[in-house]
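Two complexes are shown next, each including chain A; its partner changes from chain B in the first to chain C in the second.
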Partner chain A sequence: MTIRKRSATDIVVMGAFLLLTLLILLPLWYVLVISLSTAKSYAMDSIHLWPRTISLAQYKLVFGNAEVMRSFGVSVIVTLAGTAFSMLMSIMGGYSLSKKGMPGRRFLLTMVIITMFFSGGLVPYYLLVRNLGLNNTFLALILPMAINSFNLIILKNHFVSFPLSLEESAKLDGYNDVQILVRIVVPLSIPVIATIALFYAVGYWNDYFQATLFISSNKMYPMQVVLRQMIIQQTVVGLRGMNGQTIEQFKMACVVVGMLPMLAVYPFIQRFFSKGIMIGAIKE
Partner chain B sequence: MQNPRIRTASLWARMGPYRYFYLMLIPVVIWYIIFCYGPMYGLVIAFQDYKITRGVTGSTFVGLKHFATLMNDRYFWMAFRNTLVIAIYRICIVFPIPVLLALFLNEIRAARFKKMVQTAIYLPHFVSWVIAASIVIAILSPDTGLLDGICKTFKWEMPILLTNPKAFRSILIVSDIWKEAGWNTIIYIATIASIEQSQYEAAFVDGANRWGQMWHITLPGIRSTVIVMLILTIGQVMGTGFDQVYNLYNARVYETGDIIDTYIFRSVLADNKLSYAAAAGLLKSVVSTFLLVLANTASSKLSKEGIF
Partner chain C sequence: MKRLLSTAVAMLLSAVLLLALVGSPAIAQEAPTTIRFARAGNVQDPEVDRILLALQAKLNIKLEIVSIPWDQFPNKLNIMVSTGEPLDFVLCDAGSMVESWANDGLIIAWDEMLATGNYPLVNSLVNSQMYKNFKINGQVYYKPLPLVPNQRGMLIRTDWLQNVGLEMPTNLDEFYTVLKAFVENDPDGNGVDDTLGIWDYFSLPYVERCFAINAPNMGPNSSDAVWVEQADGTVTRYEISDQNLASLTFLRKLYQEGLLKKDFITTKVDSDIGYANFSAGKYGVEDTSNPQLAYETLIAMNPDATVALMPALEGVNGVPANSGNNGGSWWGAAITSTCENPEKVMELFEYCLTAEGRELTEFGIEGIHFTSKETVNGATVYTMDREECAKDWDVESNGLMYPLTWGAFNYGENFYIPIEKYDYDFDTAYQNMETWINMDLAGGQFATWAADIAKYSIASPLLNVNSSALQGDTGALKSVYDQYRLKIIMDENVDVEAEFAQMKAEWLSVGGQAVIDAGNEYWAANK
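Right after this comes the complex of A and B.
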């Protein structure tokens, strides 16, 4: 290893990345500033990059808005239940498929990988979920998304590299394979499991597509659907009794509430990313 | 030599020790059969006049009728062309950026600064396309947006963007880079981290400066990862971007922005043309598979690397 002083090149590279970082954060910052400004200071400025006075008034409105809060609750429930179910399925599948020498393993793995490239497409999928009678149930938001093959393969690759000796000594203690998975393998695989759980949680939290296809009752809409109706389709959901200017601010406060849970969790899981978790994923 | 019965017995004997794993695989296999292979079987409706009341078994087969109609469907071909053009942009413009970012991130020696940059550039990946599109709209919309504010300040004329067919693809590309380029560095950063440190030391002894090291060690080190990612991207590019386009587009930009997936989506939800939309989807899959095989073959010939 060679140790060098910080050269001019280092400064240029760091400066460029600092600029890039600010540029990437700018849109998020912009939304935050609009949502935190008082109505008066919002009206005074045409570029909202620094709040003159900070106010939580819009957030009080958001948290007092029944429709937005109900959709927030739906999203929380779907995300928690969905992530738990996805992890159960993916860990069971990934762990079992990591067992070299199991008859049929190669075949099953190939069947999994095929689905990463081929699918029946939207129409057969849409008809299938409807024919299963899942529309207008929360199951339609969870069951079809239960396994992501990419995530399953990452888990499988991790379990392949899990030290066999630990499992063997547990077997001598009289554990069966399920007990070994639950008591030995899972507790020692927290970094990978936390990472994959985050990927699933983001998928559930950010989903609007399943609900658009299969949910027709307002009361069961997740937050992303309500945000979409409010901002992209510009249909007034729960915006009654607001004047034009504060609607912009209200929308941006909803955007912040809609993205905050994932942005808040991710930095805690981020330290696990670099540990080569992803690298095995593309080798299959 | 072998008696079939003994072979069967020995298969059973070989499966025995794995019985708990098979048990755990049962729900997983059932899920794959229903939710992945079920829709593949369901594609037969592309060759039928599918009626919901009759189901797959009761609907009449019409052969290639829907494909013949597709051939003369001006709007389908518009979407087809848009999908290809946007795919080419994604491959030529968006794909290389994470590679470059990773190469230069590797040159940052201040560990905490590097960590901070990574945290920031991964962030937009965790935002949904609904929210990303909302932010794009908030920035670009006339009268209230950030860009409008900047134009007013400098007395420039505010360009029309969100409803301008000429600008729409650029909006797609820029927002795609904003949201995913940082995140996509992760695989290259992990690959760079696995390069032997001794290679850099040897290059240093040979007199290579840091650009020489980047060119001769780091770049060859991530070469095969880049190739695999490129093949995967080419194989999947026609099926990506639905969430992005669906949340950003509007009827005024269909001529440059409507892609096959959004066209199919509207055919199903608005027009209820189920068999027709399934046929369009199948056609897209065929082209997509062709691209995957093409990319893989080209790569195997040129660089002896491929994914299958």
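Right after this comes the complex of A and C.
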């Protein structure tokens, strides 16, 4: 077995990637270190590269804060319900549009693609949702984001590349189109479905704009809205147990808690990720 | 006969029932008028909050509050108003958005209602010297919610002053000497060169105020368009004024000698890091809008530390440095064109400016939220019932301050402006505002700081004029100014006067000259 000697280019490339990795990890690490700092260690340390003391006090406050936990619950509900609904709509839409015999297929596909380049504008969008009576409902956080054109087209391209003979043989066995989709196509498309589901889930989890636009009740704000208010508007001043010493640590603890669900899900989806994202990208 | 009797009895009973119905209060009293308004970050429910219930009962109204997240607040509000969302009034910043709503007929003028004489308190406020310039096209569309001038103060470590053997500074020279001693004379006595002079944020407003009334960026929502009266009676913008040249020269001296926080350009207003640094004993002076919070943070880490609110420095023209006044307002109310009963909204505004209305919306109901009030050192101190207050708002988050004390129907917390007492002269009433505080704050060191600062309030030229002609291309003007300002303060090799002259020329060339001309035209017409 021979080991290839690393060239100077390899070392430069590795160095560049190492630097890139640091650029990504350092802010996360910085947030984590501050969230674990005590009031004194935070005030005395201006770099926050390493926690001088470790305290979970701020996490206790986060989990004991009704507003934060309620918003966390809202985000979980919206993300789970939204992702499930989006996948249902996108799979059905993508599969239908992949069928060449579908009447009006080209027109519908064009309509979908147009939305990727042009928007109706914020005011018509607001008016539409308001006139549908969706303001101040969870549906306002889900329905407008139910189908992402990009994801729909990835799924459609994936379904187009499915061997036609497989579906024909299923039809010979007496399956109708819905049965073919549910029993044949979906089980064989798990990598792409998992990947798209992750896209949707991250989108729902991170979204704050829909809520700021359509929700007028504090009780229905998702976590990202609450977090943004805390970080941008300094609204943590005066929260339970807060004072000038621990505000920054509390905010950082909230950010960590906000990131955790997505970080926890990623490793389980990752095995599908590289495979799934390429499926449907090229049509042969 | 029996039948006749039965008929007569039945008719009599029917008549009694009819009379009872006609005379019943349920029918006699009008149904409450619904008032729906939008406010950022509202947490109170008008259906259960006893203070709001009392307010509604008093005025026979039904309040509906549309809460908007702080984030994206102006954008959402603009969309709501522009799309004709059924609202009766909105609370928002003054400026181009309100001006465009007025021009597009999305909000209504109040002049006819004010002319009826039914709203004398509102009338005195919107026509005061301080707020009259909020008018749009000569008409009243907006009622600002008054605050303390600048809503800011300087905290100074008095134990450090004692350690370096200096007195409280009263003018700029003494202030400079104190800052220098805080940096060089080891004020904390730990034998290490680890102390700095002043913690301030990007705009360094306190120092600027020593040179001109209402210097830029002094407080929440202060306009960037700040005007200075010149010796010849004309006005000019602060950025290119002689006063600013003097201010920049002084700031440069502080910066170059290491007395000013080195990274001040990246500091946000009331940054948490500011509190942390001050509490860690790194700085001797801190600019803050919340002196009590800064103080509590400091003594939590340095129990022996002592501080005081720095009195107004004497400015270069003899005017106290605190006298700068951004109009002392934050947010204001505008009545939307979708409002069906604007008189009722005006009635609400008027009532909330009375002593009774202010007390209700600040301290709640006597006998429930507060049990007594007494005068202590010139302040009216309310003894609150914490348990009862907790039934109506989150006292752990807000303390004893009712969440809608500010930014709803009325103005800043912890004071009352006695307009009636001063014969509806709002400007004089403002300078003589009364401190109204709860018992928690009465024990603090800064109980009367709002009223202390208000004494110095002076309206500067063209204060609160929001005309776009007087603002100019704010982005371009600000870009030129910020660039040169930082260079003058931070670059040790720069020739200050030459650089300032270059800034002035460039500022005038990117639209500043048109702004100056428009300002003088307005000044001549409205002085």
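Everything below uses one rule, namely that the second predicted complex is superposed on the first by the 261 of 284 C-alpha atoms of A that agree within 3 Å, B and C clash if a C-alpha of one lies under 4 Å from a C-alpha of the other, contacts with A are read in each partner's own complex, and residues count from 1 in each chain.
In this text, a residue touches a chain if its C-beta (ideal position, glycine included) is under 8 Å from a C-beta of that chain, and two chains touch if they have at least 3 such contacts.
Small disclaimer: the values here were computed from a predicted structure and weren't measured.
Novice: Chain B versus chain C on the shared chain A, clash or fit?
Specialist: These partners clash in the superposed model.
Novice: Chain A residues in contact: does chain B have more, or chain C?
Specialist: Answer, by number of touched residues of chain A: B.
Novice: Looking at the overlay, what does A:L260 touch: chain B (first), chain C (second), both, or neither?
Specialist: After superposing on A, A:L260 lies clear of both chain B and chain C.
Novice: Once the structures are superposed on A, label A:L166 by its partner contacts, choosing first (chain B), second (chain C), both or neither.
Specialist: Neither partner.
Novice: Once chain A of both complexes is superposed, is A:A211 in touch with chain B (first), chain C (second), both, or neither?
Specialist: In the superposition, A:A211 touches chain C alone.
Novice: Scan A:D177 for contacts with chain B and chain C and give back first, second, both or neither.
Specialist: first
Novice: According to the stated criteria, A:L143 is in contact with first (chain B), second (chain C), both, or neither; which is it?
Specialist: first
Novice: Touching A:L80, do we find chain B (first), chain C (second), both, or neither?
Specialist: neither
Novice: Output check: A:R228 vs chain B and chain C. Expected answer is one of first, second, both, neither. What do you get?
Specialist: both
Novice: Contacts for A:L122 in the overlay, against chain B (first) and chain C (second): which applies, first, second, both or neither?
Specialist: After superposing on A, A:L122 lies in contact with both chain B and chain C.
Novice: Once the shared chain is lined up, is A:E248 touching chain B (first), chain C (second), both, or neither of them?
Specialist: In the superposed model, A:E248 contacts both chain B and chain C.
Novice: Using the superposition on chain A as set up above, list the residues of chain A that contact both chain B and chain C.
Specialist: The overlap between the chain B and chain C interfaces on chain A comprises residues 122-123, 126-127, 208-209, 213, 228, 232, 248, 251.
Novice: Across the complex, what residues on chain B touch chain A?
Specialist: 11, 14-15, 18, 20-25, 27-29, 31-32, 34-43, 45, 50, 52, 55, 104-105, 107-110, 113, 116-124, 126-131, 133-139, 144, 146, 148-150, 152-153, 178, 182, 186-187, 189-191, 193-194, 197, 201, 204, 210, 225, 228-229, 232, 235-236, 243, 247, 261, 264-265, 268-269, 274-275, 277-278, 281-282, 284-285, 289, 292
Novice: Within their complex, state which residues of chain C touch chain A.
Specialist: 41-43, 66-72, 76, 79, 82-83, 85, 270, 272-273, 275-277, 279-280, 290, 293-294, 296-297, 300-301, 396-399
Novice: Help me check something: in the complex, which residues belonging to chain A touch chain C?
Specialist: Touch residues, chain A against chain C: 39-40, 42-44, 122-123, 126-127, 130, 208-209, 211-213, 215-218, 221, 225, 228-229, 232-235, 237-240, 243-245, 247-248, 251.
Novice: Please name which positions on chain A make contact with chain B in the complex.
Specialist: 1-2, 4, 6, 9-10, 13-14, 16-18, 20-21, 24-25, 27-28, 30-31, 34, 45-49, 89, 92-93, 95-97, 99, 102-104, 108, 111-112, 115, 117-128, 131-132, 143-144, 146-147, 176-178, 181, 202, 205-209, 213, 224, 227-228, 231-232, 248, 251-252, 255, 258-259, 262-263, 266-267, 270, 273-274, 276-279, 281-282
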